[in-house]
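What follows is chain A paired twice: with chain B in the first complex and chain C in the second.
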Partner chain A sequence: MSVFMDLNLIYTGDRTGLRTLLETAAHLGFSTVAINYVFEPTSKKKQVKIVSSVCKHLCLYQGRSRPIRVLNRLTVVMSDSSHFRPNATEYRSFDLLAVQPTTEKLFHAACMLYDVDIICISVSEKLPFFFKRAPVNGAADRGVVFEVSYSAAIRDSTLRRYTIANAINLMESCKGRNVILSSAAEKALELRGPYDVTNLGLLFGLSDGDAKEAVCSTCRSVLLHAETRKTASGIIYTMRSCSDSAGQEGAPGDPEHGGSIIDSQTIKPSLASDD
Partner chain B sequence: MSVDLDHTPRCLLVSDRSSFLHEKNRINSQVEQLNFNYKVSLLLPECGSTPSHLDSMLNNFSTFYLIRKLPIYELLDKRFLETAVYQGCVYGLSYRTRIDEDICVALMPNGHLCLSLDKDSFQVLGVEGKASRFSHRTKSRYVVSVDMTESSMVPGGRGYLRLLTGLKSRLPLKSDFLLSHHPGGGASLQALLSRYDWSEHKPEVSTHALTCLSCPTQLTSIPPNFDPHSFLEWLGAVDADISCENSSCSFLSSLACPEPKTMLSQALRVSVCGLLLPQDILRLIQEIRCYLDQPQLQSWVALTVHGFVDSPVSWGGREHGALRGGENFYTLLMGEDHTYHLHLVTGAHDTCPP
Partner chain C sequence: MRPRLVSDVSSVGRYLLCEVIVSDRSRLLLLDDRAIAIAVKATVARIHGDYGAALCSVGFSVKYLNAHTGIVFLRMPKRCYKLLWSALPFITSIETRGEKIQCFLNCLHVGGTIRTCQKFLIRYNTQQLHRMLPKCKNEEEKQQVSQALLNCTLVGGTDEAFEDELRSEEDEEECLPNMP
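After this line comes the complex of A and B, so read on.
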């Protein structure tokens, strides 16, 4: 379904605030959101815990009968190559995996080597490096997308300049392909509706069609990429065994090769996908 | 590198100018081709209350029906096809489905059933269709268009059975549906309506009197005084109750009435909303021509007809999409000597109006 998604809602530890954020996102018309747990290995906090069953009753989104779908995402802020450990077991409980490289070498490694879904473009500082075509094209070939967040631009005018400058630099190299726009909102007031975000994309140098795709179909391809990554190219498909979060998993893909399911429940495939 | 921000969102505008008395005018075919009309707005200058014959005309628009959670395979029901679709003109449109998010269904008066589906649903349905003309890089929307009057779609035919199996078992689609039938009214739809939760609705008429309205002069002059964009912007601002003063202390709107302008002491804005049929709109246009024949203070009337934003088809059954707006409407500016200016507008993802 090419529906609108916002794959970056920052988790701040405030459950009421998070609930308001989800309600606002549902009201604005987003069908899927991802709660982003940002992990900085250099800071004091070592552990990142997922808030399980964040909202018992998920709000219905704008006039639909389906509730909003909430995913979990981990962003690792990397300043050294040891910060991201491939195939670490802690990453398995997250639906989406993202990295935010801070140097050119790490950016190159993230684009070409690391098994991630999203590469975040920093908006809080002027990027110390330029985007080269080779790693950007390499990332596009692998299905990794670049993410630009806009809520920093809402908060502060200096950050607004950095956001736009970094985004335009990115668009020059990637030509508007494989980009997603998301909010990185901590409060409900920092969220904007999907058509507003499409208009914002024009400011970042995207064309009309690219800007709309950045909010819907590219986000959908990120979710499919994440599923493929988690299921080892579609061979093994795992499902959480507790019943109330089984509905949240809701993945549309059927294992490509019809492989084994590591769970005692039988899962009825809902849609066949031959992507 | 700087971003080119001079481009405003693209729209298609076709302007036509003719007279009702000219035998080759295309106004009838242009009005009839827009099958699904949502709203008709009238602007009557120097008028305090709706004239009686116009008022009765507006209140006598055909009623329409809303069926809740109609399974779409019911539109292929044999009895429904025989009593309604083959006989006359059935207008049907899925209600509260968004063109760029959900599956939209339209049943056109010529017997064509049009489904606008996303990629997953299209692959599951398993019926022949085409990718949407407005796909950008990836094909994410597909259109299935079926002619129910064709020989392969006769109940029992191969195409018919394939579509029926698809809609019944592979992709069971259910949505709220708006339905209207042209000559027969509700009688021929009773068989379908009786099986589901339905309600009959009359199009909603609302009237609003305006005072001290600034208005461009000599609207119906030939050649026209104004370019269509500024005229349509002004008319839209009047319709949406947006101030055209452009005062320096207000930052909400910088829209202004095109020059040269005059001040109207009063004007009347009437709108009708619902599933409106083109035949009713043609009769309304005839009534307005009679109204303009009488001696008037002002010599023009502006009629704007909006199509549904989420309809999968617009003029002539051609594909309709929505980039950001999905607008498709036309404005008919009628003058006193049976002349008219017609402006047909669509958004970016749409085929050119006729």
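After this line comes the complex of A and C, so read on.
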């Protein structure tokens, strides 16, 4: 059985609504979800805070005996290059990092330079720029994925046109690889089951195999990429609940560096800047 | 039953097993199969235009609806089932008896015959009962659920309602390239 993930559930501040959302996602068969905190630097709001211990007793998901896994994700809506500060300390508490670029220069920079996991393709407007092969391939080489959200398409007809237009535009440049599909659901009724999402991928221009990958294996590679980003390419692994603050362990999730356990004294800072 | 002829190719279908998910379970009982058929046809017309509406009028039907659990079987012709299926996620509400119920359809399984969908449904319902077991509030409910679990079997035999029963199993091989 494949594991399905939905990495974009928008956080709206409503805790009971969030709980229903997670229960519905568990019922539909998603093994992992990520609560998305959208941060817009241009608006007046202050820094976002994570809802800790959202659900004490998490619901079991379809066909498994383990409860659904809930991650935290931050999306920075960028209209200027100063909005995203790499290596900021606030970003450390989030498991996944995403950016949503609004201009072509920012898109190029996000693909080639920024240390993020996901690049969101905006759905609320027809993108003013086209996707060029060079940054898209550069992002694919680094392991950064592109995300298309579908709940706007379900809500409104004009947004549907923009979503499909932007998605098809993207698929032409990236040839259907390195894409994830996710809802940007705020309520439980905006979610869709994993097979339905796979079918929606066909509407967005993906082939059958690519569409299924977009819901399971590419999402899993995003999680692994996020782990290697947090753990400095898989060398340092910090445990929160230990008595000493940092335990050292080699993370097997990074294929480039193998699975060897490296002693803490031998870690060189130059290895961390690899990638 | 007569053997299947080559000319029967156009009558081959795909049966989609879907579950209607609502926020308020008591509203489920208001549903009937006509309401679901109308909702699906309207959505297909909205998403795929006149072409979709025309495809829907040939070969699409709601075969079975269980209002208590929200399970519905949809039958579609094989040549265009993906197109019609791609419109199903866009259903946001179903109108029945003057009320609009906010809901969506979750597709559980695609099969070539009703019998395979039935077999899947039995397995699925067994899993649901297993999930309910730890949530039982008292011993009596636990007994009921355990009894129901032990009684889950496929009712065999020649039931004329399932007229595709003897159709060849090779239909299903191309059915689910993507499903596990």
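Assume the second predicted complex is superposed on the first by the 239 of 275 C-alpha atoms of A that agree within 3 Å, B and C clash if a C-alpha of one lies under 4 Å from a C-alpha of the other, contacts with A are read in each partner's own complex, and residues count from 1 in each chain.
Operating definition for what follows: contacts are C-beta pairs under 8 Å (C-beta built on N, C-alpha and C of every residue); 3 or more make two chains touch, one makes a residue touch a chain.
Quick caveat, the model's predicted, so the values are computed rather than measured.
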| item | value |
| --- | --- |
| Touched partner set for A:94, first chain B, second chain C, both or neither | neither |
| Which of chain B and chain C A:205 touches, first, second, both or neither | first |
| Touching partner for A:195 - first (chain B), second (chain C), both, neither | both |
| First, second, both or neither for A:217, with chain B first and chain C second | first |
| Touching partner for A:162 - first (chain B), second (chain C), both, neither | neither |
| First, second, both or neither for A:28, with chain B first and chain C second | second |
| Touched partner set for A:20, first chain B, second chain C, both or neither | second |
| Footprint overlap on chain A, comparing chain B with chain C | 1-2, 63, 195, 198-199, 202-203, 208-209, 212 |
| Residue ranges of chain A in contact with chain B within the complex | 1-4, 31, 63, 168, 172, 177, 195, 198-199, 202-205, 208-210, 212-213, 216-217, 220-221, 252, 271-274 |
| Complex contact set, residues of chain C against chain A | 21, 23, 82, 85-86, 88-90, 92, 102-108, 110, 127, 131, 177-180 |
| Chain B - residues contacting chain A, complex | 1, 3, 5, 9-10, 96, 100-101, 118-121, 123-124, 136-138, 140-141, 323-324, 348 |
| Residues of chain A that touch chain C when the two form their complex | 1-2, 20, 24, 27-28, 60, 62-63, 150, 153-155, 188-189, 191-193, 195-200, 202-203, 208-209, 211-212 |
